[in-house]
Amino acid sequence: MTASILDGIVLGLQFGLLATGLTLMYGLGGILNLAYGQMAVISAIVTVSVMDAGLPVVPAALVGMATGAVLGWILDQTVFRPLYSLRGEARVLLSLLLSLGVALMIDGFLNWLFPLKGLSLFIGGGAIDIFGEPMRRGSLLASAITIVAMAALVAFFRFTTLGRAVRSVIEDEEGARLVGIDPRKMLRLILVLSGAIAALVALTRSMVAPVDVTAGFGITVFALIVTVVGGLGSITGALAAGIILGIINAIAASAIGTFMSLIILLVAAAITILVRPAGLLGVKE
Amino acid sequence: MLEVRDLSVGYEGGDVVHDVTLRVDDGEAVMVIGSNGAGKTTLFRAIVGLLRATTGTVRFDDRDITAVPTQEVVRLGLGFVPAERHLFPRMTVHENLALGAYPSRPDPETLAMVMDLFPRLAERRRQLAGTMSGGEQQMLAIGRALMAKPRLLVLDEPTTGLAPKLAAEAYEALAVLRRRGLTVLVAEQQVPLAMALCDRGYVLEGGVVTKEGSSADLADDPEVRRAYLGIA
Amino acid sequence: MTERFAHATGTSAVGGVEERSARPLGGLVIPILAVGAALSLVPLWLGDSRVMMGIAVLGLAFAAYTIGFNLIFGSTGQLFLCVGALAGIGGYGGAILADVVGLPIVVSIVLATLAAAVVGALLSWVAVRRSLGVIFTGIVTLIFALTFENLLLGLGELTGGESGFLMKAGKGTWLRAQIPPYYLMLGMVLLALFVYGLLRRSHIGWAFRALRDDEVAAELAGIDVARYRIYAATIGSAILGLAGSLLAFTEGRISPTTFGFAEVDVVVIVMLAFGGIGSLLGPILGALTFTVIDELLVEVGQLRVFVYGALVIALFLWIPRGVIPTLGDLRRRRRPTRDS
């Protein structure tokens, strides 16, 4: 039991971090990016490739994150461009459909490139004991990196001028423009940042368990569930929901099995939407 | 300082404001008065670039800003306080003010000036903007606009939703700012308050400027007296 | 007649312009019969190949899915991202009722269709009651679809899990013959088209258009928005369930991927976007086109998915309203007097 709770916390931290990227894109620009998971997978593949080419882990990871960031930038400059002339629900809907197209393209390409699903990324290590439970070194390192990244993210949004500017657009776009903030630039920044976050999560995930090249859609769905439960647009909500759902998932998985644990997560998300459409920590508009 | 020429602007259904021409000189305070729905808000939103003008030009410091986006207009030194305020409700008073100085860090002197002008904001610097009263929010909105050290402050009905005492307080603050040399353009329905502040004014009716003149002349105009001052 | 048809579909996608008159039923029946006649010739061409006939039947099933989705999303703006799951209720429901419970095939199909209709109605009722909006309706139904997929995998003893369900019922009958299933499916598609066409012409269709164009105005005009949404979802889901059920009985083997989100919903969205959201024959055109494209792409293997993705993007960027309404627009632009 302790082991699965610890596993759950590791997973939950990663879920939470993952969801912040998605929730920011939605809160800031009304964009639901269904290609999010695929961005993560590509970044991870690039990391492994440069490691195979002889680069040490840390620089390779940085290359991977840069890849995610560049992918975000490319999306902003190409496919998402037509979105910015739309408003409200029309924008969300089209972003969903266009990013679905991007997700399919990436999935198709990756499956073609690695047809046997053979490539799984795993940067692991030995096991050490925590509270008398064996924890893999990879898990611990992954958690540590995730926590540091979260703290950095929270500090960025609370204490820096740029971070506050991003939040101001989420709170009141017109107000933000009135103090001289360009919402488009903030959205571009967030797309780049979310790409880097997706990459980081894929990398830390691969320290705990193999990440398959076809994992993209699953990652997006997890992020979406966490985002919805935490409240679309809420950073703290995403972090909290991630940890809660991670623990629920891990306990359910060890107690009843994988399929059912996923169903429990899905049902939890559905109930949240129905009971509190704005999410756990979201505020009703 | 500000020169609006033959400006027409509206929404999808058609123009709401027609061929408006107005001028604000350095150091002046100018009012635009008119009833609800006369087009004051539409006009002001077009001036700061929140709405695209159909025809006509807006010049600020001899620079054409008709098609310049709001966020850049603001950085040129034109501050705008909308009637709905558009504060950041889940941020503290201090964070709201700090963002007013974006992209720079807040200048301590300006911050002290704003706190001095609105002591209530100093008391509540850690409070979330969304939890404050209407009057406090209005002060914060003005304060936030001042943080960018504007040379022209444009206010759309700053007394919206305020009790008479608070409305008078808001105008006292504007009078202080005026004496310090700030140029002001204000749209107002509570005409007596605006008249006391401003040198000149325009009357906007049905989207068209029907009268203009010094505050004193307008105060003597029988139609203005009947329509806006409640004097027969 | 085809001219008038293009005209009618063109305007309906813009909404509002289409007259609500009691035009003779021929305006509806004739294009549907024409489509039926054209499609009924397919076996003459492909009838020799069991593989090709299987593809044709699947294509018709997708045409029915797209019609159902068009009715729910195109008419009332409810983004149901659970087309596959609702069809799966029809498919797995029918299979389980016939094989496990032992009911007659027809009864199984009817009950499974009803089950899909009820689930669709329930989803719509929840969405309407909680006023979820397009996006949240999409998310809730997507969650439902994923839950359904995982249930199929998790309840392996009943459903056969990942390897699928091999059906005994219908084995050795005409349902598994080479050509008759095609006509069964075609009949169902034409029926679905007819139902959808009738709805569009009726008072309900008028209400659908009104509420899609401007929900608030529709509400003010006294249209019970909630009720019409639920109607549309119920009828649409029944079409999906019936199509899924018939597909199950004619194929004889179903698996979670037969009704998966990636395998069904994504394709249906592409088909509808291509044909034209809210148009009568758009779904048929979309389903036909992409069934053919799918066949042509078999050779490129996994890159097929890549091409699909590129098509999704291209479609929504360049002809977001679909081929049929866009053609209708062009036609009217050339002859502006028609609209006067």
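Every chain is named by a letter (A, B and C) in the order it is written, and numbering of its residues begins at 1.
FYI, a contact is a pair of C-beta atoms (placed from the backbone, for glycine too) under 8 Å apart; a residue touches a chain by one contact, two chains touch by 3 or more.
Bear in mind that the values here come from a model prediction, so they are computed numbers and not experimental data.
Chemist: Of all chains present, which has the mean Cα position farthest from that of subunit B?
Modeler: C
Chemist: Which chain has its C-alpha centre closest to the mean of all protein C-alpha atoms shown?
Modeler: Per-chain C-alpha centroids compared to the overall one single out A.
Chemist: Please work out the Cα centroid separation of subunit A and subunit B, and write it as a whole number of Å.
Modeler: A distance of 42 Å separates the two centres.
Chemist: Taking each chain's centre as the mean of its CA atoms, how far is subunit B from subunit C in angstrom?
Modeler: 54
Chemist: For subunit A and subunit C, what's the span in angstrom between their mean Cα positions?
Modeler: The computed centroid separation for subunit A versus subunit C comes out at 33 Å.
Chemist: In their shared complex, at which residues does subunit C touch subunit A?
Modeler: For this pair, the touching residues of subunit C are 79, 126, 130, 132-136, 138-140, 142-144, 146-147, 150-151, 153-154, 262, 266, 269, 273, 301-313, 316-317, 320.
Chemist: So in the complex, which bits of subunit B are touching subunit A?
Modeler: 48, 50, 69-72, 74-75, 80, 82, 85-91, 95, 98-103, 105, 144-145, 147-148
Chemist: Once bound in the complex, which stretches of subunit A touch subunit B?
Modeler: 161, 164-165, 167-168, 171-172, 174-183, 283
Chemist: Please name which positions on subunit A make contact with subunit C in the complex.
Modeler: On the subunit A side, the touching residues are 32, 79, 82, 89, 92-94, 96-98, 100-109, 111-112, 115, 217, 221, 224-225, 228, 257, 259-260, 262-263, 266-267, 269-270, 273-274, 277.
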